[in-house]
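Down below are the structures I want you to see.
Two complexes are shown next, each including chain A; its partner changes from chain B in the first to chain C in the second.
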Partner chain A sequence: MSKFEFPPSIKSRPVWGTFEERKGSAFLFIADAEGADAIIDIATPDLMAKAHIIFINRGTDYAEKLRALAPAQFYEGPSYDAALSRIKRVLSDAKMGIQVYLSGTESLMGQAANEATLAGVPLASIQTEHRGSTARRMQCVHCKGFTEDVETDPFQCSHCGLNLFVRDHYSRRLAAYQAVCIDAEDPGNVPPSKGIYE
Partner chain B sequence: MTIQFNDETFRDDYSFRNSDWAIKRFPFPFHEDSYMYSVNMEQHRGGPEGSVYEKRFDVDEHYVSEMRDRAKVLDDDPLRCQSLPHMTLAGWDLLELIMVSKSEDYPDLFELHRDGDTWRWVNKPLGIDDTFTFLDETTLPYGPMEYITRQSQGDFAVLDQRENNLWMDAGMITTQADWSLDFDIGMNFFEWHAPVPMAHEMGIFKRALKFLLNIPQGAPARRLNWTMTVNPLLDTSPENYHKWGIQKTTLTPENIGAKQHLRVELQTFYRLPRSNALAFPIRCYLCSFQDLMTMPKWGRRLHRVIKDLPDELATYKGFIDNRPMMLDYLAQFDDGLPTSPGIFPEPETEPPLKTG
Partner chain C sequence: MSAPQKAKAGPEEIPVIVSAVVPVTDHVTRFEFTRSDGADFPPFSGGAHTVVSMKDEGRTRLNPYSLMSDPADLSTYAISVRREDDGRGGSLFMHTKVSQGDAMTITYPVTLFSVDQRAKKHVFFAGGIGITPFLSMIGQLEHSNGNWELHYAARTPESAVYADMLLMKFPTKVSVYYSGKGDRIPFGTLLEGQPLGTHTYVCGPARFTEHLRDTATQKGWPASHIHSEEFTAPAPGEPFTVRLCKSDKTITVGEHESLLEAIEREKIDAPFMCRGGSCGQCETRVVSANGEFIHRDHWLDESDAESGTKIMPCVSRFIGSKLELDL
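Up next, the complex of A and B:
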């Protein structure tokens, strides 16, 4: 499947990469949905012998393909939230020399990169590759609630219900883009939603 | 001089007013009849007597009421003040800088008595007399940054310096021009400025960062920045934009002189001694259009600046929709006469407005 080319954007927005082979003492892969393809593309028997794959399927059926790569450890979970305690535990056990590979949605990569950084993994040891959905994880600047999988602009906050527009301003700490009320100066005047990249 | 502190509000009934003294010393941000971004830094080593540049941390007639407004903002939303764990030492640095500066610059208002690590701080306008142990957080009612910035006008960002960059790792932000500390905390210099149009392409931020990284102890710098605010609302936060945004639509040709305010930030930059962090106070001054127009030079100039401002900047600063009404109002105060260079109003020498 071809990769989505994100349009040029502002400097707070992260730039996602392409996986490359690196030397390491251990390899932790965290992926969701189509992110599995990025693992499959780089997998070799040697790499997989020292790999731990944490896969969040989000309703896809990539798990069997990943299991077939014969990684040293494999976990499949339904959602990032469900996998989070395991991710934290694995990162807290990580030793010097670990290489972290994150692939799939921006939400997954952003949140997992933040966990890895908090656990002390240097940024230079974290690789990313975007695959699949281009939906965004948005934080409402008003109520602070997060809305996942936002594909349209504007959208309605899943917590407070305000009509919000999608900014490119991005916080790594929150792993989210900022969403701001669109009709504050003209209540009720909300333009029709369209795709974020339309 | 003894300052008479106003009893006023920056919300609801908006009883905020500038005295004639405050108008005359207002930091008008345009030194010529046009405006474009620049790295407009200069040394912060005093200025004309009575001006906002004179003291290290300017205290004016709005002090007590501004601190009351800040306390209200923090009651409503404690996330406006945050400090990442590694920034506590920088908070003590900032506390020391402000206490020493204010007690030296305003000895009739503030006193600092130091006996080793035992410090006694007296803040007469706010009725505070506290004794605490320097560098011992348990002896203060708040963390050191929050304690001192609840007693200091203006927002305070405290920037960590590492990897040849500055990091927004602590702050007290309640009088902001529509940016969120809670969202931006932890960002580097380029990231938190990311939404600003045009300036990245002009190389402004690269040059500004280079300058700021090299500010040494004892040589603070300053610059002015500006935007527009309808009503004298200090807390123009993104958090509350869904509540205050509607006020921008309440301007009419009759009320614009009283309601439309020029909002100016006096930004200063101090290297902190123990942490090597950079203190970045952002002091907000508000002045209504009608008060600005009492200075003929400012009347002429503001009209010319707003008229020629690029649309991107008027949009970013949030007044593109109101610009035509602003220009209709301001045009009455521009008789086409030349203006003298510099920001000061010079009412004694500038010609009065030609009428008829």
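Up next, the complex of A and C:
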């Protein structure tokens, strides 16, 4: 699958990279859905012999392909929340020299990068590569609730039901973009939804 | 109207009295200073250095030394000087001509090497006299309950300055390795298994420093977590002639002096801080040159060094028919 080029945006919007080979003493891969392709592209037998892959399938069937790479450790879970305790445990055992590779959706990369930095992984040891869905994890600035996998703008908050406009303002701490009520002045006057990047 | 007064180019100086001269080993002597005006010294962070000015038969030597005293005690600054018999003379001067009660001047402390306050743990590697900056860093960390360990390589127990004191005060944090007995610091093993957020620091001979840097990089430590004290003492070389355009002077740099020292000898005020090629302070623009630069600093990046448009006079030299500097 070809990679999506995010249009230029404001400064707070995160910039994702492309995996490169790094020296390290341990290698942790956390990916969701098509993020598996980024691992497959960089995998070598040597690297996989030292790799721990945590894969969130989100309904895809990439797990078999990843297993075929023969990583030293492999975990598969259905969602980020299901994998979180595993991610936290692996990071709490991590030592200096670990290299962390995050690939897939912005939601996965943002949240996992937060866990890694909280655990003390140096920023320079964390790599990212966006693959697959460009849907966003959004936080409603009014009720503070998170809505995952938002693909259209505007959209309806899954918690308070307000009609929300998708902004590019991003909070690293929350790993989410900000969503603001679009019809506060004139309730019910909501423009038709279109894709975020349309 | 009078011209604005030009600030002196080097760091500000402090007149001091040598309050103690203490032989530590055959080759190393500790010098302690108090301020001539009786006041306290300025605060400094562990790992900082001072430049000691030595009046040696008409010439002034300026040598940088790490402050090894406890940063919490500002009544005294202390340095330890290793006598280099084949050196350029500064350490010999300190060893043979300086005694208790002498008046000298030293500069305000300059911090180019210090503990990273964000680190969860600090792992120090010292080779020989490279132990000195760690002594003040340890002093600082002990006051703030910092988590540290030290691995110290020396040739023999007799030459291992301050090893006894360190082993006695911190038996669980300090390990000493004697190369004379074939003991080497196992860099790789020691870097493995360090908790996230650990920073590592090295000071010692160039090859020792390189070895630690290479090993840590191989093990996946990011450059932001590897720190080294990269002083280069100026090395002797073929004399060369240089024209200083602004001062309208042509001078010759002798075999045993640095370009910076030659400039100072001519009473031209040139900027400096570390005198060891690492701070960037002395960077000077080359107006024109015909010849080859011998860059020995850790400051200029490759493209700057290759461009032939910049030179660090504290450690770098030149071979060729013409060199003109913007000084």
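The rule we apply is simple: the second predicted complex is superposed on the first by the 198 of 198 C-alpha atoms of A that agree within 3 Å, B and C clash if a C-alpha of one lies under 4 Å from a C-alpha of the other, contacts with A are read in each partner's own complex, and residues count from 1 in each chain.
Criterion: contacts are C-beta pairs under 8 Å (C-beta built on N, C-alpha and C of every residue); 3 or more make two chains touch, one makes a residue touch a chain.
The shown structure was predicted, so the numbers you read here are calculated from the model rather than taken from an experiment.
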Aligned on chain A, chain B and chain C: do they clash or fit? fit
Which of chain B and chain C A:12 touches, first, second, both or neither: first
Rounded to the nearest 10 degrees, the Cα-centre angle chain B-chain A-chain C in the superposed arrangement comes to 70
In the superposed model, does chain B or chain C contact more residues of chain A? B
Once chain A of both complexes is superposed, is A:24 in touch with chain B (first), chain C (second), both, or neither? second
Touched partner set for A:127, first chain B, second chain C, both or neither: neither
Smallest separation of CA atoms, chain C relative to chain B, angstrom: 10
Quick one: in the complex, what on chain B touches chain A? 79, 180, 182-187, 190-195, 200, 238-246, 248-249, 321
Quick check on the complex: what are the chain C residues that touch chain A? 120, 191-198, 217-225
Could you please specify the touching residues of chain A with respect to chain B in the complex? 10-13, 139, 141-142, 144, 162, 167-174, 178, 180-181, 184-187
Interface residues, chain A side, partner chain C - complex: 22-26, 94-99, 119-125
